[in-house]
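Quick one: this structure, given as structure tokens, is what I'll be asking you about.
Chain naming follows the written order as A, B, C and D, and within any one chain the residues start at number 1.
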């Protein structure tokens, strides 16, 4: 999935109402960038807290896209969706932090790479 | 009536066998004797009644089919469990039950000292049943069944002394060689079924000229395949090697099975199938050539054998060679005539020699015999009758029958002439080796150190059969005297549907008679000169021609060649397959596939590193892969 | 009365009834009673079915049909025809004998053992009775489970590997068969418009050559492994070697017939074109198997392996008879299935007897038993001779019919196969002679002499051998109508001359018109558009 | 659009209410109350929800403005989730994590089930995402519930991290789908995608790829399966059992809802990719399971493979395929639950109860449990006439009917490989075992035994009652695919 394939949408945005402001394509570009950044973060970070941060990036990149699409289609569904996602993201992070605390209390290293007692 | 009698003749020996086998515990020897001899004797009596009955009928009326039930019916092929009573089978039945009864009678005394008394008579009964089935069968299928079952009986009796490894090996060899023969016959039967759709003698012989055609490949194939069976059963080259080894069996067995009856089954079969052989003249010629080659080969081997029974065994091979040669050339009635006289004199020889062996507590080597005539006078006389008969000295039976084959051969074109000459040479050799046996065993000096126990004369049970056979061997030849009468030929006439009508000319008869008798007398004289006149001469001559002698002693090394060329490679192949193909191919492929899968699994374990970021990476890669697939599928 | 269902369900019931049997010595007696009642009852039912069987009907008789899951086309559909009749009878007899033998001398954990035997019987009965592809597959697989346990729990050293091999190898083929079964139904649905797994309705569907070939290949692999056909016999030596010998006997006597039966019941009638395409290759493999099995039997170190490989060779003859597409050869093959079942069961029974005195089973380790065990010698001799198909034996009757038929179609295959008869003589005599003859080499003859319980198993088998040897028509005659019809489509596909094709090839009546058990067979002709006859 | 229509959501509401009640009951004073109260409340709630699901069977209702549907599909799926939850609660009767924190345990299980029911009944992209997150988040906690155990924590954390990424991928896919169609309502999206106009729309393609990947993660299909063995091993075994049955069912509910239900016309586009995921899962799951010695890991890989089989029914996209998948889900639930039940029982008895070695000779000591395990393994391996066979039979059939024979062949080959490990369990179970029998045996607590037997009998019952169950599955599939 490359950005180039978004060309039709870019065109659609370009010929759209100039009052629309920021074209959809830019929303999507930023959103995609955030998503990749999030993925990169998940792949490179070893501290669970930073991992959760990266996950937040992933979810919020989707939020951005949702909002962008919502504006593009001029509907509110996307906004609702984005709100739901925020709640969910918060819940996830809460659980994550709880786990981190539990890990800490077990005097285990806060390093996901060391959490590999199970494998194979 | 004849149907019932025919089945009774067949069933009585089997019944005896079954009774003896199932008798609880070890039956009393007297009971064994009564059953063992009584049932075959009864069969002989019934056969005689059949014979007389048939004799009272017109020649055309002498055919009777006794069907018990339809054995199988499948896709047009119908096989009846049926017997065919006609002059040829009655002749065979007479010999089988007659000589058979005499020999079991003889055995009652001969086997006296053996533990497994009952088993012997049970197996003899089984043999008689199988042999009778062979000769009485009304179709090729039951011919083959009888053929196979006599092989089994022969196997059992050769291996009678089952704790003796040589006997066990000989039995196995006989069996396997005979199975090879069976297969020839079976394939011939396949062809008959395919071409003619039937296996009944009557229908086959009636339709064969049309169905197979004369001088066609199919007819030749049938004839040759049948001959494979005959060669195996009748010990013709190259399937002859089992017969000398078969002498491991008790002597009465050798007399009955491996001399008088079973081994001549091949001759019977060729005569029975005369129609087929007349359709395939080349096959007939080949049969005759094989017969001639066999007779010459066997005769030469017999010259040097030391084991007295082996000499007789090779002489049997040689004599059957005559019969096969005659049958191959189309002299069917002559062949049967020689079969008849041979049954008498060869049974006689075996039984008489058996007396000597029995008297010497199982000794069979000529080297440890000599001067027996002083101990066993009557036996000596009997052996002399047998030797004169086989050597073809008139008026003993062998003279008439052998000369008839040779004389008829002269009438059968160039090939016949050549073969007749071979036969004459063989006749000379025969006279020499038989009298070598006779002189070395019964004349000459006693072996060094004399006999441990003085050879004892046999009782009535052994003497009587020998006496009867001696008389038959002496006068049996008178049954058919060229130019005077030929009742045997007339008797067989209805069954020889395609008799080519070879006729021994008087001139031929004369030439053959004179030459053969002259050769025989010279050979006997030579034997006397070497073995009796000066016993030392034998030892002096033994040094000459060692190579040839060794070759002959080794029986032309057929066994060795077979071992090297067929059996050992077979074993090696079996081992190679076991250790190679089976282990690495069949099992190995399976294991290899399994191992490959398991190794892949191990590899996957390594990939499953426990590192969560690796898992995420796999997911990302998966997303990309799925995306690629989607974009590829996308039109 | 649903005779055939009863045949299948009675052993199953017997197996389930073992659950109600208490453990301990009292339970052992009760378990025996249950097992004997179930197996004996099945035998009696079987005898009644044989008695009532109508030899002139080509199709299935005594059909019991109950829908199971119609949506998926599944149903309980059993019946019997001339082909399955004798296999059912063989199963009933063999299992009755096996259970009798097992009851005589119970193994450890008798309830489970007897229950597994009965389950295996139910599975095989169901397999031979199934008139529906899915049901056939169900029983095909289901019978593996009891055999798996019988080998895995009561087998010898190294049995785990043997069982896994046995089951995996067998299932490798059968899962492809499952795909083939499903494919058959759907392809047929495309052609005829109705979804069915009934073998009766499927035979006669005009599959294209390609469809027929591919689907047949899927079936053939499963059957070939089950047979086993060379070179798919990798599971055989271990399974035969390590199973309890009673189970080995059953594997060889009964289970090995499943593959052949599959070819005959499904392969030929439903996929004649595919069968035609594979006939010669399978025939060649069969001939190789005959030679190969014989050679390996000749050199086998142990008695069981020898009999196991001989079984490979014998099954080669049988499958050769099937792929000849000749009525006579096929009849011979069916006869030979029965024969082989009887003979190989007897052979393993004898090996079991000899193993009493020579537990390591090595052929070199024994010798000269005939001296102290004359009964054994006599019975063994008869069995050996039957096994090597000496003329006059029951096996010879079968092999003769097979080979005559094969010779009519492919003379060269028959001639090559004949060589196997020589080998058979060599290896069987090796077994017989080294055990019974020669000098005593070990083993106490008195221990190996047949006792009453051995005779109780062997004498019925020998009686059956003699009966068939004397009157094979009793067996062959009942198969004629069914086999003529089963082979006809393949004969048509193989362009055999008209005079060899003895049955008209036509589709079965649609399910509504199926005769109820006992009804006269209606003369209705097909309504399905399928008509493969050119 | 604006009607709430609570009736359609009653099962879900009852479950959620029961969850709350369970949480509360867990906080009540009194040891016995704390221990048994939540379980009883939970069970009562589950039974009530099941009754409501059955009552709603014949209706087609919508609630929350179309966000939630009550149709046969959701009813059937609800029954699966609720049964799994019920069995899990019973199996966890003596599970350490559950005993001390019964309220949390039961409550979380029910919340998770509520999430699953949301997924199954989803009429809207938001509901799907919300459902998946609800079920996941509670599972993250459940996995790590034994906080004193390092493995449990590791399992929770691993599941959380991978789960979050998976959810994000799914979310992005849903977002793109929304972006391409302008609506989050499934029926509206379905209307938009009717016809083939969108087949070359990159946004839709990307959406499908991401959604497939995200759901494949939840279904533990390769190559998105890698969390499965670790999480399954580390989590409390009852939770593992629940995950492997209910969560997988939820993932397939989403698969069927979105792919078969919303974009049937694009089947040609997505079937290959989903088929590829199926083949990969069958291959990887079966091959990797061969070399496992830990029962939970082995069952984890087995569940990967089973996901592959289940995906066959999704990939073909037909009613028959959906029907087969649903039926197989039923069978799969029963047999997996039965297998885990034995592991759960064994874990109480010996330290290394989750290893294959612990089962050595177990069948001889415990014939009934041995029989249950045997039936489960044979059914998983696809032996007829057990329910696993019928399921596979239907799945292969649907593939062949759809001219995707390669899927059936892959399934068959995979099944062959699977015999290697399923049968090994059976062999080990019935092996003579160590001298003197298995090391230690404890009496099985009643509820655990009940659940074990119920699962084992379920495997058999599903095959015996194949006909009515297939009717139900077909009804559910029709309500999904042929509105």
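Here, a contact is a pair of C-beta atoms (placed from the backbone, for glycine too) under 8 Å apart; a residue touches a chain by one contact, two chains touch by 3 or more.
All figures in this text were calculated on a predicted structure; none of them were measured in a lab.
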Pair with more cross-chain C-beta pairs in contact, given C-D and A-D: A-D
Chain closest to the middle [Cα centroid of all protein chains]: C
Whole-Å gap between the CA centroids of chain C and chain D: 42
Intercentroid distance (Cα basis), chain C paired with chain A, Å: 64
CA centroid of chain A to CA centroid of chain D, Å: 27
Rounded Å distance, chain B centre to chain C centre (Cα mean): 38
Set of chain A residues in contact with two or more other chains: 1, 39, 42, 112, 115-120
Residues of chain C engaged with two or more neighbouring chains: 168
Per-residue overlap in chain D, given as positions that touch at least 2 other chains: 157-158, 161, 165, 205-206, 209-210, 229-230, 420
Pairs of chains found to touch, sorted by chain label: A-B, A-D, B-C, B-D, C-D
Residue ranges of chain C touching chain D (in the complex, touch as defined): 67-72, 74, 134, 137-142, 144-145, 148-149, 152-153, 160, 163-164, 167-168, 171-172, 175-176, 178-179, 182-183, 185-186
Chain D-facing residues of chain B, complex: 594, 597-598, 600-602, 604-605, 608, 610, 612, 614-616, 618-619, 621-623, 625-627, 629-631, 633-635
Chain A partner contacts - residues on chain B that touch it in the complex: 605, 608-613, 616-617, 620, 627
Interfacial residue positions of chain D with respect to chain C in the complex: 323, 378, 381-385, 389-390, 392-394, 396-397, 400-401, 405, 408-409, 411-413, 415-416, 419-420, 423-424, 426-427, 430-431, 466-467, 470-471, 474
Residues of chain D that touch chain A when the two form their complex: 125-126, 129-130, 133, 137, 140-141, 144, 147-148, 150-151, 153-158, 160-161, 164-165, 167-168, 171-172, 174-176, 178-179, 182-185, 202-203, 205-206, 209-210, 229-230, 233-234, 292, 297
